Amino acid sequence: MARYLARRLLYFIPVIFLVTVVIFAITMLLPGDPALAFLGEGNIHDKVAYETMRKELGLDRPIPLQYALWVGRALRGDLGRSVRTHEAVLGALAARLPVTLELAAVALVIALVIAIPVGIISAARPNSPVDTAATVMAVSGVALPEFFVGILLIYLFAVWLRVLPPSGFVPLSAGLGANLRSILMPAISLGLALNAVTMRQARASLLEVLQEEYITVARAKGLSEGAVIRVHALKNAMIPVITVIGLQIGRLFGGTVVIETIFAFPGMGRLAADSIFFRDFPMLQGVVLVMALAVLICNLLTDALYAYVDPRIRYA
Amino acid sequence: MRNASTRYGMRRRDFLKLSGAAAVPLVAGAGASWAAAAAAAPAPAGAVRRGGTLVGAINWTYPSMDPHLTTMGVLPGYGGLFDSLVRFELADPKTGQHRVVGQLAESWEQPDPRTYVFKLKRGVKFHDGSPFDAEVARWNMLRMRDHPKSAKKNYLADVESVEARDGSTLVVRHRAARAAFLPILAYHYAAKAHILSKAAMDKMGEEGFARNPVGSGPFRFKQWVTDDRLIVERNPNYHVTGADGKALPYLDGAVWRYIPDPTVSLVDMRAGSLHILEWVPTKDVAGIKADPTFATYDMPWVGQVYFQVGFNTGVPPFNNVLVRRAAVLGIDREGMAKALGFGIGVPHYYPKFMSGALGYDESLPKNEYDPAKVKALLKEAGFPDGVSVELKVIAREPENTIGEFVQQMWTSVGIKTKLVSMERLSWIDAVRAKNFQSCFWRGTPGGSVVDPDIQRARIICGGENNWSQFCDPEIDRLMEEGGRTLDTRRRREIYRQVLALIQDRAYLGTGILVPLVTAYRREVQGLRFDLQVADVQAVWLGS
Amino acid sequence: MTARGGLRTLLGGVPGSQWGRLATFLARVIRTRGSLFGLWVLALVLVVAVTATLIAPYNPNRTIGAILQGPAWSYWLGTDHLGRDVLSRLVFGARVAVLAGAVSVGLAVALGVSIGLVAGYRGGWVDDVLMRLVDALWAFPTLVLALAIAASLGPGLSNAMVAIGVVFTPAFARLVRGQALSVREREFATAARALGAGPLRMMLRHIWPNVLSPIIVQSTLMIPQAIIVEATLSFLGLWIEPPNPSWGSMLRQAYQYIERAPWLSLFPGAAIFSTVLGLNLLGDGLRVALDVRLRQRGTV
């Protein structure tokens, strides 16, 4: 197992470097002069300040050198300073990562708790009204853009029913209850896509497993349907579900951009979007790097879980 | 000339006698309807209630806690942390007229046109305990003028020297007479003189101060979560006393939340989790005003001009003044007011100037909507079949909606418009590089009412806020002269000429003026405004 | 081998004419619950998109009435915030939806299939490098990557489609590579190679038919995603060429007026909702139908 994980880790390291190259390429492609962005609109005509800023940001050096310098510093833990807010990038990320992680984690938990059981029930009664209802509800989750679902939920829960706060993140330090209440709606909105994919995958793979011969044997042996599913089918059916969840992590983090904007959460997603619009290159590079790392780590964990559940994989 | 000063500034009569033309113009701020609920009269003792935390929403993120280095000094929150030398006070609720009064500067006089002598308030301490004196004030002024990243240095470029005398006297000398100096020091969109603690800056350094501000204001800094909220708490040693005899503020603290999406901030307001919403989106103003839970305040002398269009005079077709005039005459302001004004927008005819400004004269040609004349002008300019132009706009609301409206509007009179919607920074780059035919933006002409000299940076050659970069030496000369003259009548004539030139040469066009409205819950009492920035030092939360 | 040949292979084994085979295939598809709805939606959207200029009552970019009017006799779905006819805008928006979906997914398929085929067939270090590149792209949070690319290219529908296409590429690349790898290992492939079949022939004759059905299914599921991403990009400020309507930007603008005119969001919302729902259900049906076919042919 350890050897398998080590092999996967070794595979990922070049991927991380490729990620840094892609990030750098994108920031180079973004139109707009970061030195001007830093100086602010009021000081555009100050040539001296502009030249100083360019030097300070290292923009006067050739691009490969800039890249090498950035990677070198990043490895030492120095991700530079934000052009927009002048705070240290690493510090800003450390402050905002927990918010996004909690959001993603709650969304994931909701998906697991709701989607998998629903998928299982659907597969147990295929083509029944329950099944149709579940499928339609699952797909509805991805049928509207998140910003729209978000505002609908806010109107429902915060204005009409007045049970949840409409926006704003309450940190854990202020109390678990308040924290969970503030995170519930955003997590639901964020997790809708994941919910849909998970539920349908659970249903599809359980259906497939139930066609296998050994299931027929189990049934012939006289086991009840419930026992058949629980004892024999479930474990194997969950393997593709795990894979699919792992594949959706990137999309989950992507969704935080919109959700954090709507619900006014100070998280990584919004930071990424703000950094793009303000050409805050140091911050953008830092944010995307951390998010990509998070996705890769999740993939690694999924692989580990997958290998644990299906021993055949370890020896592949 | 010396004379007595009152606690909050001089009596108006004396003020006017002193500085004559430097007074804030007397013409009423028209166009802005008045609804200043509890803003004016101080409450009788016994009615105020202490305690509570005010929650307000702002629509832009704080870039830094150092107000000298950011153009966002207009956000509430800075005013809570920092006092400034001078500020605005409502002089007449009926007309909306304001005057400049002292805050940390108790009084001032002008021994000669180039010199201002400020008498500073004594006994004021910063949040870190260090004292406020003339040395600190001097350091602040020079920092605003000299710091390479200062957002105010263009307005203070004329300051020749700043001298600190006997601990509480500040002498500011200009290179030449400067009529608008006081309003500039008080105006948030110009060079609002926020006073920072030098001791704190020395101790923490600039980067440290930007995250841990120390001022002398009614509130002390507690926490700043970047892009999320600013939390401040009551300053127990504030130097202003409330109606109950104890020091202001009445509140325990305040939280200023940044809510990126205006629709969501409105929902927050409705759900009851906000006390005050700084800017209500225009389309929702009517709805909020109809709601009895909220009170509103129409900010005086400030409106948003929807659609200020600038023409690139260096490239065809707008290098031809006839085409420019045609475009301006093709602006259907009534239609715009109906479509985009939501009942509160009014047509605005004079770019950069607003009713109430010195030099504003409605007898000047309005360049009103006239499709027949547009056709004639285009024909005369050599475009009998109309002309194709590109209009660049920033890709955000409401600019996009305005742009779509303008596109239809111009196309229907023969100016076939292609709307190019760009990201903010790309737009800025393109416009600066003069890579555009026409471009438009939203802006406020309110500065013109405070003092037309404040508009200088938007009108002169190479002015930093002169987005369309039109260049007219005659206008430059007039603006320079207007800034130096102290005689009000002469200034009025000068600025009238400037306006006439702009109208005649059609450098800019304007659409409608939409007032800015703040909404707050009715239990918020004692809310005041430093012109257009919410001032919560005397706020208490009723029931 | 042509596309038609591929389809024939797909439907192969069913007696009867070309159209008969298609009919049988469709019958199989709609056996899955909901696919019929999806088929109808797809047909409706395509028809509306193609005949937009004929069926729209007004010019979608022209103000025809007062702003924010509810449904009335002269404008069946009301007017928007600039007084334009919502129905006409909805009709032309269908065009954009079809384009956005088809072009972005088409681009993703083209890129993804090329990368996947080369990687899967070649194997070795080529496979390693290409797949790591694909993984690197896949590690980016989807929307952030789309946002960054779209911001680099500038606002506009075509740029947004390119951005979405690039972001969707890894999914197809992986899919194709997996199939290509598995085919490569088969005996008949080794035999064919021994007989002198070049790589191109291998790819087209053997790999492509196996790959076609998962690609079709995946495309049907990704087109609705493209529509949603386009809506989200316009929400974030990458405006798609005003004043031309797209359902996404219509919803985004209507969202601001949700208090004043809630019905304005209803129509683009319903359009997006039913299209996404329908295409997803259709994709489910296609997956089942194609799967059965493949199973019967014994190539899986």
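Going by the order they are written in, the chains are A, B and C; count residues from 1 in each one.
Everything below uses one rule, namely that a contact is a pair of C-beta atoms (placed from the backbone, for glycine too) under 8 Å apart; a residue touches a chain by one contact, two chains touch by 3 or more.
What you see is a predicted model, and the numbers here were worked out from it, not measured in a lab.
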Two chains sharing the most C-beta contacts: A-C
By mean Cα position, the chain sitting nearest the middle: A
Chain centre separation (subunit A, subunit B; CA means) in Å: 41
CA centroid of subunit B to CA centroid of subunit C, Å: 48
Computed distance of Cα centres, subunit C from subunit A, in Å: 23
For subunit B, residues contacting two or more additional chains: 263, 423, 426
Set of subunit C residues in contact with two or more other chains: 151, 154, 237, 255, 258
For subunit A, residues contacting two or more additional chains: 31, 151, 155, 261, 277
For the subunit B and subunit C complex, residues of the former touching the latter: 262-263, 266, 281, 283-284, 287, 338-339, 395-397, 400-401, 403-405, 407-408, 419, 421-423, 426
Complex contacts: residues of subunit C adjacent to subunit B: 61-63, 66-67, 81-83, 151, 154-155, 237-239, 241-243, 253, 255-260
Subunit A to subunit C touching residues, read off their complex: 11-12, 14-15, 18-19, 21-22, 26, 29-31, 127, 131-132, 135-136, 139-140, 142-148, 151, 155, 200, 250-258, 261, 269, 272-273, 276-277, 284, 288, 291-292, 295-296, 299
Subunit A-touching residues of subunit C, taken from the complex the two chains share: 33-34, 132-133, 135-149, 151-152, 154, 224-225, 228, 231-232, 235-237, 248, 251-252, 255, 258, 265, 269, 272-274, 276-277, 280-281, 284
Subunit B-touching residues of subunit A, taken from the complex the two chains share: 31-33, 36-37, 39-46, 48-49, 52, 84-87, 92, 95, 151, 154-155, 158-159, 162, 165-169, 261-266, 270-271, 274, 277-279
